[in-house]
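Structures incoming, each one as structure tokens.
Two complexes follow with subunit A in common, the first pairing it with subunit B and the second with subunit C.
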Partner chain A sequence: MPTITIDGEKYQVDGDQNLLSSCLTLGLNIPYFCWHPEMGSVGACRQCAMIEYKDSEDQSGRLIMSCMTPIRDGGIYSVNAEMAKEFRGGIIEDLMTNHPHDCPVCEEGGECHLQDMTEMSGHTMRRYRGSKRTHRNQYLGPFINHEMNRCITCYRCVRFYNEYAGGNDLQALGRNHQIYFGRQEEGRLENGFSGNLVEVCPTGVFTDKTFSAHFVRKWDLQTAPSICEHCAVGCNTAPGARESSNNLDPILRRITNLYHHDINGYFLCDRGRFGYEYVNSATRIDKVLSVRDEDLIGSTADNKDILHKEINPQDAVLNLSVQITAAQRQLRRIIGIGSPRSSLENNFALRQLVGADHFYSGLNYLDQEVLQLVNSLQSDDRILSPSTPEIETSDAVLIIGEDIYNTAPRIALAVRQAARNRQKQAAQSLKIPLWQDASVRQLEEEHSPIIFIGTALSNLDDIADATLFESPQKTALFTHALAQEISGYKAPNLKMPPHLQEMVKRTAAILLKAGKPLIISGTSGKHPGTLQAVAELSRALSDDKKTPTKLYLACSEANSLGLTQLFNGTEGNLQQLVQTLTDQRSANIPTSLIILENDLYRRLDKHSVEKLFSLVDEVILLDTLLTPTAKRANCIFPASATAESQGTFVNNNGLAQRFYAVYEGKGFIQESWRWLVDAVDFCTETCENLSVLKEWKHSTDISDAIAREFRVLRVLDELGPDENFRIDGLRIARQSSRYSGRTAIHAQEHVSETPPINDPDAPMSFSMEGIHNPNKTQLQANIWSPGWNSNQSIFKFQEQVGGERKGGPSGKMIERPRHPIPDWTNTLEKSPQPPNSMQMLPIYRLFGSEELSNQSMAISELIEAPFVLINPKEMTQHGVNEGELVDIETSSGIYRTEIRRCNTTPEGCIGVPYGLPGLETLAALMPGYATLRPAATHSIAGVEN
Partner chain B sequence: MIASQIRSMWLVFKHLFRRNVTVQYPEEKPYLAPRYRGRIILSRDPNGDERCVACNLCAVACPPDCISLQKTEDPDGRWRPEYFRINFSRCIMCGLCEDACPTYAIQLTPDFEMCEYDRQNMVYEKEDLLIDGPGKYHDYSFYQVAGKAIAGKDKGEADNEAEPINIKSLNL
Partner chain C sequence: MSSLLEPEPIEVMEHSNSDPDKISAILTDEEKLEIDEEAKHYEGKSSVGLEALRIVQKHRGWISDNSIHAIANYLKIPVTQLESVATYFQLIFRQPVGKEVIYLCKSASCWVMGCDQLQKHICQSLEIKPGETSKDGIFTLLEMPCLGDCDKAPVLMLGEEMYRNLDEDTIDTLIDKKKQLHADKSTD
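Up next, the complex of A and B:
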């Protein structure tokens, strides 16, 4: 390691870094703007000036830009030399001449990098008295506010948006003194990572519009480490909450990125950043609801819908406990349905309550089958599930049947970086350091190969070398052929047209040639054959390379893979439940159904769900939102959302991660497991299984119980400290030391202050008392360091700039028993397509496909009206035109939607948006068949029965 | 020893002929300078609009944390407090809020006569705090020096501001 001298002190530093990031790693404070740890240096802002001395004799030295200076072994530098300080002061004064006097009315104020750097450079008084240039702002959509006056022209926004995230609708316009960062015309920023501009912009040009609607300063937000619940990537987030204005209950106010080296790094997608508002939405359940006996005059409810009224929580819990007691005396049967979007703790508590025999996964057969496939693939030693940095460094990417931009968005961003690896290799061969971002991007190398096979590809089409849009069956066939090509096996049964054979050969050559090939697939196609083919391909590639194949498999929901661990194979799927109940109907024993945070209408076709409800006497739901299932429940308990509770999710890699409660949910909201434990507490008699529940007082008690019960999940008891953990006798503070308004915020109700709520689950306080330093514990999610108020201060808590967090990575891999995957070489199915029908292929949308984020106000603005995609050829065949309404006839009814032309939709198929409001109930039918015909009369889109 | 006691008695005796320092409060009220730190008010700018822009700086400066407010935004872009609450039963009249205020909205006044039988009555809401005038600073209007556009003050119309740049022109 090279040794350098800075201001007379000798340091050992990493020679691959530039001088600026080395100095920051050493903990020195140097102001900067245009440099970003993930995006490298361009040397545009001139703010990070230092002095370099020729040798120890040199007294004057020369000015250098530290971000553009490679480390020289034995180099002598100075940060604090008078000339450097004066130069930096001059630069910031220059940058600030046009900056408006806006800080009090700017959402960035208090966590503004420009404020921090201005202070650091000692420029605290404005001498400039001339006129300031002004700009008009643009409307940039429901997520981002634009205030162009504040710009200091560091170019970070366009570098992130265009070069890093692949957007093309934000540009630097104008010239010299008048540079303008905006769109050519007003309109929504179309890239799905636009929210990162809020954190990338060093000042307040781009601010979070949803946060602005219920704005407070950073120091007034209470926070805790959390996990994003809007997909299965498992990005770490730091949600911020504070009491709302006119009642005592806190509301969730925003999401910011929480650095995790192996998952999200510095960036989040817009669904994760702006999807949080579902927690405060009108559909949120915050009361205990029960059946209303009397009719409502003028009610618009369907005849099967149950009308609810608020009841006393104690009555509801008592009612549940009576049912549990009856079940123990064999007078009643209780069935539990789990959920892939709820924590392992909640699922396990329900399983313990109803017994493993009566616990069902809440997934349909197909969903569970593909998840088990993912699980068994990842249990093979020849397959390795890569972290985000590993994805970013792979030199050939093959994506099979997964539209990752819409199903695992953060991974699509990583793949975009992987596309640059050929360029980076060229740079290295020319001895250009990789942090020299502008120079590296000058190299006109081709993209690293990215090949896609599947039904739909979004966002990555500009960097994909080859795309093949086919039905899942053909995708599987292609993948099998590829595997056979790689393993040198010629199968007689794989008949393919010549151009496909040629593509198979080319793809195989690319994969074989690549040093670090990566395969990406997932469950979104709901096609086991594809995953089996992917398994075969991975195995073939691994046998050839003699190293495990990197295979990233995307699952659909935050805890899909966690839930899978609780079941063997496809046991416990919902079809099995319906069948069991039907078979045992003659037993004539009353049945209660407890549904945990799950909307069954998204899982099973309508008729099966109706049948299920008709087979049970009592439906009890624990959930956060009023879903269609809630309308059929006899009793509804308000469950806490992710940001309000503690629990564990297992992400796509099999990484178990714990999230912590940021605030206490309003009203009677509490964790689902607490409702269940409350009910058991009321039981007069308890058998052995139930008395276990009575012992559970803390969330970690359940985590430990899971670790004892399931070998696979035994890491759960070491995921984090339990509630008794203390540092220097103190808890970790959720509120910053500057948290304001403590003695006034509740004063209109009671002038005397009430003590803060005690957290029974985590060693954290709901107050500003306790540990504030994120270096002492990663449970502190308020990323702040003296003089560094913005999120940029994260480098103070990393081993080195862009490296692991101090204290090591959070989360632990679940320990799945290793066993080789079975041989699926000859499992190609022959699927008979019903005549005159079309296969419904699920297509995904970043905004619209995920259940929870759809209820977020900002996101709901962007959700499209129901539509289906169809090939132009089929369009003519069916005699329909673009934009017309069609009827999609399925086994659960007729859906009227708009029809859209899509050249890439395979023939004989229609692309149906998964989970889109209005078409949610179609989700369970895919990839089944439907018939399509022009709508008889022109009426609005909707569902008919 | 004796000399000292005689001297003390002489000094006390001399005070018989001095003017009284104490006044007969409340019948008679002493002079308090305008910058005396008493009851807190929220002022208005010369146009009569609320000066407070809900920046939260008073709240964070407040040592006993007795100020609480919530930002809201008018359709024209002006920031305002949705509610603004001071718990005077906690206030120590230190004046740090006034120091922190970037818009001269929050000001301390020479009124200190705040007695209540019920502590709850010491909680003042925005309606109780807002006065009709500009207080100690007659001419200051924050939005006139800030870059944010609001109704009646477009981009480029604040003090020391150039016309907004037309990015579609050649701008030579």
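Up next, the complex of A and C:
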């Protein structure tokens, strides 16, 4: 390690870093703007000036930009030399000549990198008296505000948006004094990572529009570490909450990135950042609801729908406990349905209540089958689930049947970085350091190979080396052939057209040649055959390379893989439940169904759900949102959302991560497991199973119980400290030490300070008393350091700039028993396609496919109206034209949608958006068959003309 | 007021109501031919953005929103990328200009030799401010940092021609000559 001297002190530093990032790693304070730990240096802003001395004799030294200076062993530098300070002061003064004096009304104020750097450079008085250049701002969509007058032209936004995230609708326009960062014309920033501009911009040009609607300063936000619930990547987030102005209940106000080296790094996707508003949405359940007996005059509800009224929570809990007691006396049967979007703790509590025999997964057969496949693939020693940095360093990527930009967006961003590895290799061979961003990007190397085969690919098509759009069956066939090609088999007679055979050969050659090949697949295609073929391929590649194959498998929901651990194989799927209830119909015992945070209409076809409801006498739902299932429930308990509760999710990598309550939910909202425990508490008699529940007082009690019950989930008791943990006798403070208005906030009632709510689950307080330093514990999510109020302060809490958080990575890998993948007899199924029908292939949307974020106001603005995609060749065959309405006839009924042409939709198939509002109930039918015909109203429309 | 120190805010969000249908904006065959010819000198069509802007401007006088969309469509590059090129170069006009554009040099040598007075004179005689177009639509007055002819200051460029060692009389003659030229053209 090279040794350098800075202001007379000797330090050992990493020679691969530039001087700026080395100094920051050492904890020195140097102002900077254009440099970003993830994006490297371009030397645009001149703010990070330091002095370099030739040798110890040199008294004056020379000015250097530390971000553009490689470390020289034995180098002598100074941060504090007068010349450097003066230069930095001059730069900031110059930048500030055009910056408006609007900090009090600027949403960046209080967490503004520009404010911090101005303060740090000692520029406290303005001498410039001239007028400032002004700009008009643009409408950039529902997520981002634009205030160009605040711009200091550091170019970070376009470097992130265009170069890092692959966007093409934000540019530096104009020149000299008038540079403008914007779109060609007003409109939404189309890239799905646009929300990061809020954090990337060092000042308030781009701010969070959803946060604007209920803005408070950073120091007035209450935070705790959380996990994003909008996909299964498991990005770490720091949600912020505070009491709303019109009532006393706190509301969730925003989501920011919480650095996790192995998962999200510095960036989140827009679904994760802006999807949080579902928590405050109109469809949120915050009361205990029960059947309304009396008829309502003029109700527009469906006649099957149950109308609800608010009831006293105690009555509802009592009612549930009566049912539980009856169940113990064998007078009633209680069935529990779990959920992949709820925590392991909630699922386990329900399982404990109803007994393992009566606990069902809440997944349909196919979904559970593909999840179990993922699970068994990841249990093979020849397969390794890569972290995000590992994905970013792969030199060849094969994506099979997964549209990752829409199903695991953060991973798509990582793949985009992997595409640059050839360029980076070339840079290294030319001895250009990788942090020299502009120089590296100038090298005209081809992208590292990225090959896609599957139904749809979004956002990555510009860097994909080859794309093949095929049906899942053909995708599996291709993968199978590829595996055989790699194993060196004489390929059997796979009926493949020559162009596919050619592709197989080419892909095999690329994978074999690559030093760090990566395969990505997942469950979104709902096609077990594909996953089996992927297994075969990974095994073949691993046998060839003699190292485990890196295989990233995307699952559909935040806790899909966690839920899978609670079941053997496909046991406990919903079809099995319907079958069991049908078989036992004659038993004539009343049945209650407890549904945990699950909308069954998204899991099973309508008829099966109706049948299920007809087979039970009482439906009890614990959920956050009023879903279609809620309309059929006799009793609804308001469950807390992720940001309001503590629990554990298992992500795509098999990493168990704990999320903590950021704030207490409003009204009667509490964790689903607490409702169940409350009901058991009311029971007059309890058997052994139930007395366990009675003992549970803390979320960690359940975590520990899970760890004892399931060997695989043993790590749950080591995930985080329990609620008794203290640092210097103190809890970790959720509020910053500047949290304002403690007495004023309840002023309409009184001005005394109420005691903070006690947190029974985590060693954290809902107040400003306690530990604030994120270096002491990773439970502190308010990333702040003296002088560094913006999110840039994260480097103070990393081992080195861009490295692990101090204290090591959070989360622990679940310990699945290792066993080789069974040899699936590759049944290349001849699917029995009904005549004249089309196969419905699920296609995914970043905004529209995920259940919870769809209820977020900003996101709902962007959700498309129901549509299906069809190959233009088949349009005439069905007598339909682009933009017309068609009826899709399925076993769940008829759906009317717009028809759109799509050249990449395989023939004989239609692309159906998964989970899109209006088409949610189609999700369970895919990839089944449907017939398509012009909408019946078509002729009526003609008459109107 | 437009000067080097305090330039006017740049207009990048021009919403021209006169040509609402972007898709219908297409390049003429002649423009396409010239762009293709120019593209031969480059590796890909996408590199020819600036030349394409210049060619289209030659035919249309300025680059409207429609034109920029048409070029971006033709070259298959993101329109924002082309806009960043168009707004970077001072000689690509994103607003309508007159038939004759006067580039008056405002750099040090010309300033010493009294270009400010000349500018005032031009403004008075054409009844415009710098950056504006005269009412008859013939003249637009723009300021240039340096035209590189300092030994013959003050200078201006009109069309593709330089006019050197200027004084108020030579400018009057020049303006009259051009006015006459365009009057003749319109009576033809």
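Everything below uses one rule, namely that the second predicted complex is superposed on the first by the 934 of 945 C-alpha atoms of A that agree within 3 Å, B and C clash if a C-alpha of one lies under 4 Å from a C-alpha of the other, contacts with A are read in each partner's own complex, and residues count from 1 in each chain.
What we mean here is this: contacts are C-beta pairs under 8 Å (C-beta built on N, C-alpha and C of every residue); 3 or more make two chains touch, one makes a residue touch a chain.
Just so you know, these numbers come straight off a predicted model, no measurement behind them.
Contacts of A:118 after superposition: neither subunit B nor subunit C is touched. After overlaying the two complexes on the shared chain, residue contacts for A:21 are found with neither subunit B nor subunit C. Residue contacts after overlaying the shared chain place A:217 against subunit B, while subunit C stays out of touching range.
When the two complexes are overlaid on their common chain A, residue A:136 makes contact with subunit B and with subunit C alike. By the touch criterion stated above, A:178 is placed in contact with subunit B and with subunit C alike.
Residue contacts after overlaying the shared chain place A:347 against neither subunit B nor subunit C. Counting the residues of subunit A touched by each of subunit B and subunit C gives the higher count for B.
After overlaying the two complexes on the shared chain, residue contacts for A:748 are found with subunit B alone; subunit C is out of touch.
The intersection of subunit A residues touching subunit B with those touching subunit C, taken from the two complexes, comprises 130-131, 133-136, 173-176, 178, 180, 182.
Taken in their complex, subunit A has these residues touching subunit C: 130-131, 133-136, 138, 168-178, 180, 182-186.
Every residue of subunit C that touches subunit A in the complex is listed here, in rising order: 5-7, 9-10, 12-13, 15, 65, 68, 78-84, 87-88, 90.
By the touch criterion given at the top, residues 53, 55-57, 59-60, 62, 64-71, 73, 79, 82-83, 85-87, 89-90, 102-103, 119-120, 122-123, 125, 142, 145-149, 155-156, 160-165, 167, 171 of subunit B touch subunit A in their complex. Those residues of subunit A whose C-beta lies close enough to touch subunit B in the complex are 100-105, 109-110, 129-137, 147, 149-150, 173-176, 178, 180, 182, 212-217, 219-220, 244-246, 738-745, 747-748, 750-752.
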